[in-house]
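There are two complexes below, and they share chain A, which is joined by chain B in the first and by chain C in the second.
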Partner chain A sequence: MKDSLVLLGRVPAHPDSRCWFLAWNPAGTLLASCGGDRRVRIWGTEGDSWICKSVLSEGHQRTVRKVAWSPCGNYLASASFDATTCIWKKNQDDFECVTTLEGHENEVKSVAWAPSGNLLATCSRDKSVWVWEVDEEDEYECVSVLNSHTQDVKHVVWHPSQELLASASYDDTVKLYREEEDDWVCYATLEGHESTVWSLAFDPSGQRLASCSDDRTVRIWRQYLPDNEQGVACSGSDPSWKCVCTLSGFHSRTIYDVAWCQLTGALATACGDDAIRVFEEDPSSDPQQPTFSLTAHLPQAHSQDVNCVAWNPKEQGLLASCSDDGEVAFWKYHRPEGI
Partner chain B sequence: MERVSGLLSWTLSRVLWLSGLFERGAARQPRIMEEKALEVYDLIRTIRDPEKPNTLEELEVVTESSVEVQEINEEDYLVIIRFTPTVPHCSLATLIGLCLRVKLQRCLPFKHKLEIYISEGTHSTEEDINKQINDKERVAAAMENPNLREIVEQCVLEPD
Partner chain C sequence: MAGSQDMFDAIVMADERFHGEGYQEGYEEGNSLGIIEGRQYGTLHGAKIGSEIGCYQGFASAWRCLLHSCATEKDSKKMKALESLIGMIQKFPYDDPTYDKLHEDLDKIRGKFKQVYTKSCR
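Then we have the complex of A and B:
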């Protein structure tokens, strides 16, 4: 189990601080990290090692909680506890802050770019999710403020191919949003977790959503369209979501992040017990009741809580992780034989 | 088949170990846990109450029995603290929770995971408070608030 995840290297990305989040650029050549030292760092390879190519330091007054690359790879958004979201434009190895999005009442917890590149979503402890539109002149405009959650919103993620947004919250639910006649509406609430939902990840097809929680479980939700074969009830023309699998008993503390590899379908988790785990779907399992097996478990992957895991979008099996210990680690995942 | 049985025995031993049934120097454990618990208590008893000019020990917000230490594995411990706030005031209870967390994060020398709870039945919104003080993201953000940070720093300051 330990051999399935091999350490390639570690970097002290945010010394004397914690590293909160990582994001690979769409080309898979750069990794952005952000942390409690209020900085964003960009990492790239030089031979066999990972080196820091840029430091983005003048953007935020407080912790940078998440970063997200635009689909074209030319922009990076950073969400901060200072209640703002910075948009950085890449010019070779330099990054320039071109806009600062304001409006949230307190800490921004997450930012995500829609696959079209024209929309951005942010969420905050102020319980709201904001949808922003970007035009060709790099002008950002807030087009919707969604107040569906009753507590702190921890994470937002876009569907891989449709303009569908999902959010995870301290109120123990996951909500889904879509555009309806020029406005954004919440069309589904996924209940089941027994505590804060920390993160979300869509599978490569976008038909399933994985959520991870403080309740130490990962839940897999499946989308059912109206008039589906399985007879799952839908309200009007809205798809319905059902929990089709719960992974429990594997994690001994809060699960902070879940990442679904878009190349292989492998599911990685970042846990407060300092471990990284990988799950794979059993090939013979029923799509309506899938089963997942634990294929890698690395205890003490870091010396403290693991906050984020991120699969490289181009290189199969390449996984990055970061921790409260301030380090970023790179791993090679080998699917065990016989699975 | 070998790989499956290997996985099975690994899982089994892990489950047994986690449930405390796996024998690992069991006789030695209680004494070490008591020592560790005292180490923790020594650090938290001198924390000052945010409102009154007394320590948490003097006000009996924490006592020796407030601290429980469990071994997670070699050199890693789970520390559980249950405290009794003097006043049923939400923000003060949260503040005490924050002080406890900050003091131990900074001063406890051994590797640990920390859980802090209000003693059962001492507060009307204890579930809400417990959830907040155990959410590390909320704690981190609170500590970046200069006013809150100043109060916490005053409370955890080591006595001369």
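Then we have the complex of A and C:
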């Protein structure tokens, strides 16, 4: 298990601070990290090592909690505890803050770009999820403020191919949103977790959603369209989501992040017990009741809580992780034999 | 014989009887005090909601007048959102506190107001 995940290198990304989140650019050549030092750093390779190519400072007054690249790779969004979201435009190695999105009442916890590149979602401790539209002139307009959650919203993520948004909250639920007649509505609430849901990840096909929680489980949810063969009830024309798998007993603390590799389908988790784990779906398992096996478990991956894991979108097996210890680590994952 | 039994019965059961009567009196008094307190709370809470929505309605009406003359595409989008907000406010059931979607609709109105209020960012 230990050999399936090999350390390639570490960088002290946010010294004397926490590193909260990582995002690979769509080309897989750059890694953005953000942290409690209020900065965003961009990392790239130089030979065998990872070096800091840019530092985005002067953008935020408080911790930067999440970063997200636009699908074209030319823009980076940063969500901060200072209640704003900055949009940075990339010009070779330089990044310039072109817009600051304001409106949330307190800490912005997450930001995500839709695959079309025209929509952006943010969520906050103020319990709301905001959807923003960006036009050809780089003007951002808020098109919806969704107050469906009853507590702090921790994470938002877009479906890989449809204009569908998912959010995770301290209220133990996951909610799904879609556009209906020029307005966004919450059309499904996924209940099952027994505590805060910290993060979400869609599988490459977008048919399944993984959620991870403070209840130390990962749940896999599957989408069922109306008139599906399995007889899962749907209300009207909205799809239904059902929990088809629960991974429990593997993590000894809160699971802060889950990442679904878009190349291989492997699932990585970031845990409060300082470990990184990787799961793979058993190829012979029933799609309606999939089973996942633990294929890598690296205790002490970091010296403190692991906050984020991110698969490189182009290079198979390349995984980045970051922690409360301020470090970013790079790993090579090899699926073990006999799986 | 029956008479003396009733007399002892009254004495022996006195404690329980007074307890029961006391409880009944207290219950009724508590009930009416509760109704008074509930009414006060309801008045306060209802007024808060009314005041909040009134504020949104005033804001939306003023902006509708201001935008009436403008004709850019951006303004027509804003107008649409404003009309939507005004519509939601008008549909809100002010005289039915038992309406089951009261808080859900209130949250939708708040969300719509925030969206309209947030200026386009550049």
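Please note the rule applied: the second predicted complex is superposed on the first by the 339 of 339 C-alpha atoms of A that agree within 3 Å, B and C clash if a C-alpha of one lies under 4 Å from a C-alpha of the other, contacts with A are read in each partner's own complex, and residues count from 1 in each chain.
The working rule: a residue touches a chain if its C-beta (ideal position, glycine included) is under 8 Å from a C-beta of that chain, and two chains touch if they have at least 3 such contacts.
Please read these numbers as outputs of a predicted model, since none were measured by experiment.
A.B. asks: Answer with first, second, both or neither: which of chain B and chain C does A:Ser252 touch in the superposed model?
C.D. replies: In the superposition, A:Ser252 touches chain B alone.
A.B. asks: Regarding the shared-chain residue A:Ser167, is it in contact with chain B (first), chain C (second), both, or neither?
C.D. replies: Neither chain B nor chain C is touched by A:Ser167.
A.B. asks: If you stack the two complexes on chain A, which partner ends up touching A:Lys154: first (chain B), second (chain C), both, or neither?
C.D. replies: In the superposition, A:Lys154 contacts chain B only.
A.B. asks: Please name the chain, chain B or chain C, that touches the greater number of residues in chain A.
C.D. replies: Comparing touch counts on chain A for chain B and chain C gives B.
A.B. asks: First (chain B), second (chain C), both or neither: which does A:Arg62 touch?
C.D. replies: first
A.B. asks: Between chain B (first) and chain C (second), which, if any, makes contact with A:Ser54: first, second, both or neither?
C.D. replies: neither
A.B. asks: Please indicate which partner A:Gly36 is in contact with in the superposed arrangement: first for chain B, second for chain C, both, or neither.
C.D. replies: In the superposition, A:Gly36 contacts chain B only.
A.B. asks: Of the two partner chains, chain B (first) and chain C (second), which one does A:Lys109 touch, if any: first, second, both, or neither?
C.D. replies: Only chain B; A:Lys109 stays clear of chain C.
A.B. asks: Once the two structures are fitted together, what part of chain A is touched by chain B and by chain C alike?
C.D. replies: On chain A, no residue contacts both chain B in one structure and chain C in the other.
A.B. asks: In the complex, go through chain C and note every residue touching chain A.
C.D. replies: Per the stated touch rule, the residues are 74, 77, 80, 84, 107-108, 110-112, 114-115, 118, 120-122.
A.B. asks: Hey, which residues of chain A end up touching chain C in the complex?
C.D. replies: Answer in residue numbers: 99-103, 128, 130, 138-148, 182-183.
A.B. asks: Could you pull out which chain A residues touch chain B in their complex?
C.D. replies: 1, 18, 36, 62-63, 65, 81, 106-107, 109, 125, 152, 154, 170, 195-196, 214, 252-253, 272-273, 299, 303, 305, 324, 336-338
A.B. asks: Could you list, by residue number, the parts of chain B that touch chain A in their complex?
C.D. replies: Per the touch definition, chain B meets chain A at residues 3, 7, 10, 18, 72-73, 111, 113, 131, 135-138, 140-141, 144.
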